[in-house]
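Each of the next two complexes has subunit A plus one more chain, namely subunit B in the first and subunit C in the second.
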Partner chain A sequence: MVRPVFLVQPGAAPLSSFSPNPQRIDALKGAYADAIAARRNRMILGILVFALVIVTSGWMAEVNLAKLAARIGNFTSYIERLAFLDNGAFVLTDIREWYWGITHWMRLLIETLMIAYVGTIVGAVLGFALCFPAARNLTRSALEMAVVRRFLEFCRTVPEIVFALIFVVAFGLGPLPGVLAIAIHTTGALGKLFSEVVENIDMKPVDGIVASGGNRVQVIRFAVVPQVLSNFFSYTLLRFEINVRGAAIMGFVGAGGIGQDLLESVRKFYYSDVSAILILLIVTVFVIDMATERARHALIGREAH
Partner chain B sequence: MLAIEGLTRRFGAKAAVSNVTLEIEPGAFVGVIGRSGAGKSTLLRLINRLVDPSEGRIVCDGVDVTALSGQALRHWRADCAMIFQQFNLVGRLDVLTNVLTGRLAKVSTTRSVLRLWSDEDKARGLAALDMLDMASFAAQRADSLSGGQQQRVAIARALVQEPKILLADEPIASLDPRNTKVVMDALQRINKELGITILCNLHSLDLARAYCDRLVGMADGRVVFQGRGFDLTDDVARELYGLEAGDVMEDAHGVGAETRMAASA
Partner chain C sequence: MTATNQRTLSAIAREEGPRLRAAYPDVFRTDMKARAVTIGTIVLLVGLFVYGLSILETTWWRVFLGLGELGKFVVYMIPPNPETLSKALVYVHALAETVAIAILGTVLAATLALPFGFLAARNVIPSWIARFFVRRSLDTIRSVDALIWALIWVNVVGLGPFAGVLAIMTSDFGAFGKLFSEAIEAADGKASEGIKSTGGGNLHQVRFGLLPQVLPLFASQVLYYIESNTRSATIIGIVGAGGIGLHLYEQIRTLEYQHVSFIIILVLIAVSAIDWVSSRLRFAVIGVRQT
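Entry: the complex of A and B
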């Protein structure tokens, strides 16, 4: 037990008339200095370890600063070339020529959005179905929870582009492998997020429904879903935002969308096509980000009441 | 007849309910009293099977309740409705839907999940709400109501279960004196007019004496007293509540005085 130390005993003389014992003060000063020194040593050690990790990882990842400095010009000149058409004119002087492929690109852009949309919905439905057995407070057995959680981890740890590559081999070129790849990754990501939302619910309504004789499905429907639905919507919208970006590169491996044309333009040095497609993509992602953010804030705002 | 035989429930090494044997006759209004942590809540949750017993049996009309599972268990839970200290309603659902969740054991999963309640069930729910003067709130969200109103909704949910027994776990511990009287009077009416057996956990001795036909006193998970209100002498109270006895009595008298004032106002 730690006893409180009174510098001044209750009922003793006031502090102003208190004459300190010099020996005791010296001892206190020494202890204070030791504590500060120990803290400083720990901090220095921490900084050293941090620096060592940075240097090691830079060395292992072959980060070569000299090379970066020597070749930075290539990068900036590439960016510069993006701004000019094949005939040497600045892109903005002939928008019609710059966006010669707009109908084709728009079709691919819409395909990209559809891949993201369908993938998100399929993933959200599967994530919804799997989040309840994955939640600690609603699972029927530890085994079931472990199996479902490992499955969800597998779904989200394999990058979606890898899934897309495999599915292109299996199902051929086109948007279907892209949808499947995004759906699987979304299942893993949303299943995990949903189960964490479920773990944070108030369990009292659950007791109420169980005590009235509700079965598992009824308990989820009446005691759990009303508490989590707006959060689920919010996370799904956030995921859609991420999936639009993901779908944009699905075409790199032939899994549909605008990515294939972008990759082709980069490979064949069609500079103005690269910039045209990139700007289309950036504007689209920007608009979707703003729209979903607005929708999510509306949901959160409704929550507050 | 509800018979509890040698019922024990351990949480780790500690026995929350320890070798309890009780018989509850149909139509009784039984008060379970004792200090917090005496095992009153666990006893009620054991009867409803929200908690499974470590040892012992619960037998109701010849059926071993402790052996039930699946559909039969859910029907038993509907038969012994439960109301809670914190009401345990679903705040984001409207009042009538909350009441109708009392029908879940008797409705098919598909119909209930789609909220296709029969007209008969809706009428039953509204009648129960009306009996408790809550019918005008049917369309409001449950979390917009006051504590006393929420507890009345919870009682309506219990009533549409058409239970044989009503288990009330500290039903008035979160309520003010006026609502305490409203809720206890409602329980009394349910007991006298509908003939439903009531097992009610109470902290206040005064209320227990005023409303219950029979008292069961618990301490450290054991039943240490059984009898009528006037059998509960100060000595027994001290045994039940230990050093808290004075507080509880004073508290109970205070609440009693206020409820009487509210009733006469």
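Entry: the complex of A and C
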């Protein structure tokens, strides 16, 4: 027979009267309080730094809340004026008058879409060509990779409208500089995204092609492209969506599209024209958003099968 | 065995191909429908491209001439040189203004978008009508570019960086509303359930169940947007909404190439500095969440 082992002997004082070492408890409490205080201090410091950054920014950016309060009425009345024609009638009462320039605007809208489309295609092709040397797992030399990566970084860091400004001087007014500006920016953005996709591929097919004597082009064509193509299309569609928005403002610097008419209407206070063009743009962006989203889902769905 | 090893893979394919083809017809059959779709898509895309080139007045001659001009500009741009120190200081000040516009605009947009993010989230507002309207308004605001918003705000508060802050704020308000609502919808519902089971109301659930989960995520998104808005803020000066854009615009128009390259280099330095700071902060924010 085994004798039971009692943690607390029967008949002994109950456990609740167990008295721990008070010094140890105090030490633990102190450490806990210190940890909490340290976290709180860090938090307060963070908030102070944040507040300092905000106040400095506000001072730099000449934020003037009194001015905003005094003029916020202008904003609401501006929005309100957008809804009325020159003769004071509500825009929806005379749509023919509101959209008097529809044929002209539609032509410009198509031009805008084409700037975005051609720019996206050129950018995607260049991005495709540059993504392989920029990918860590396929590059041949560290120097080549560094050079291509810096180039792509430059292309996407300089805003496209800055490229457009410079190109307008070099190529003359018109949609051509807009297309080139969007193409360069797209090259930078897609080149980076594409190379990230390539870095995440399964390397076994690459090894297989290399082992059977394939050269670099064959490796890319038969081992890499089949793995990445649907992702590439998906990113390109997403970029097209962004580029439609970008192409809409190219006209601000004379690089084609509907932007020029919008800028003039705003500057000359043709309120109903502003609202007409803005609504055209918003509807176009909505339609393109929905269409590209559908196309992307279809692509991803096809890949899953 | 050695004989097989010496044959090249292509030779094996040539010899074994017909037999394999006969044995597995399904694998080798060309899918005519899929091929037709692929070819049709390519023809459509290329056709649209050619049509685009034709209506956009792009002739090779123009591209060629323009590239020549561009080459000249690049030569003129070297070395970057603001000529006088006072000019350089003006540019640096304008750059600081640009960064200030980006930071302030982003933070204001995030603050304003926070309540709307909750209103547009399915797990907070079950009514689809309310959600639909909030989402569509956010989408409408988002589809108008910051430069257009800047143009409108300049009409309201006058020329200057304040209009730029408001423009960045407005255009990002839409983007943040969408991002925040998606983050809230992806949050774990168990924490909210826990609050509910202990008798918490709707507000308690949002405050103690949802907010602690999504706040670090929001902070990291805000930091990322500050970075991308520094780029947007460099251009809104073109319509007079403050920052370095106005100087850039003027120097390009007056063909002061060395000033242009100086400004572009300043912008590149600023963007990469902000990039560096914000990626470190983002790491810190997400790191704090995990411990």
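Definition applied: the second predicted complex is superposed on the first by the 281 of 305 C-alpha atoms of A that agree within 3 Å, B and C clash if a C-alpha of one lies under 4 Å from a C-alpha of the other, contacts with A are read in each partner's own complex, and residues count from 1 in each chain.
As a convention for this text, contacts are C-beta pairs under 8 Å (C-beta built on N, C-alpha and C of every residue); 3 or more make two chains touch, one makes a residue touch a chain.
Because the structure is predicted, anything quoted here is derived from the model rather than measured.
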When the two structures are laid over each other on subunit A, do subunit B and subunit C clash or fit? clash
Under the stated touch criterion, which partner chain does A:K204 make contact with: subunit B (first), subunit C (second), both, or neither? first
When the two structures are overlaid on chain A, which partner does A:G213 contact: first (subunit B), second (subunit C), both, or neither? both
Which holds for A:G58: it touches subunit B only (first), subunit C only (second), both, or neither? second
Touch test for A:Y32: subunit B only (first), subunit C only (second), both, or neither? neither
Counting touched residues of subunit A, say whether subunit B or subunit C comes out ahead. C
Kindly classify A:F222 by the partners it touches after superposition: subunit B alone (first), subunit C alone (second), both, or neither? first
For A:L281 in the superposed arrangement: first (subunit B), second (subunit C), both or neither? second
So, A:F90: does it touch subunit B (first), subunit C (second), both, or neither? neither
Contact-wise, after the overlay, does A:P159 reach subunit B, subunit C, both or neither (first, second, both, neither)? second
Clash list for subunit B against subunit C, restricted to 188-196, 206-214, 224-232 or 242-250, contains only 188-196
Residues on subunit A touched by both subunit B and subunit C 212-213
Subunit A to subunit B touching residues, read off their complex: 204-205, 207-215, 217-218, 221-223, 226-227
Using the touch definition from the top, list the residues of subunit C that touch subunit A in their complex. 8-9, 45, 48-49, 51-53, 55-58, 62-63, 65-67, 69-70, 73, 96-97, 99-101, 103-104, 107, 139-140, 143-145, 147-148, 151-153, 155-158, 160-162, 164-166, 231-232, 234-235, 238-239, 242, 248-249, 252-253, 255, 260, 264, 267-268, 271-272
Listed in rising order, subunit B residues that touch subunit A in their complex are 48, 50, 74-78, 81-82, 84, 86-93, 97, 101-102, 104-106, 109, 112-113, 154, 157-158, 161
Given the complex with subunit C, which residues does subunit A contribute to the contact? 53-54, 56-64, 67-68, 71-72, 74-75, 78, 110-111, 114-115, 117-118, 121, 154, 157-159, 161-162, 165-167, 169-172, 174-177, 179-180, 212-213, 245-246, 248-249, 252-253, 256, 262-263, 266, 278, 281-282, 285-286, 289
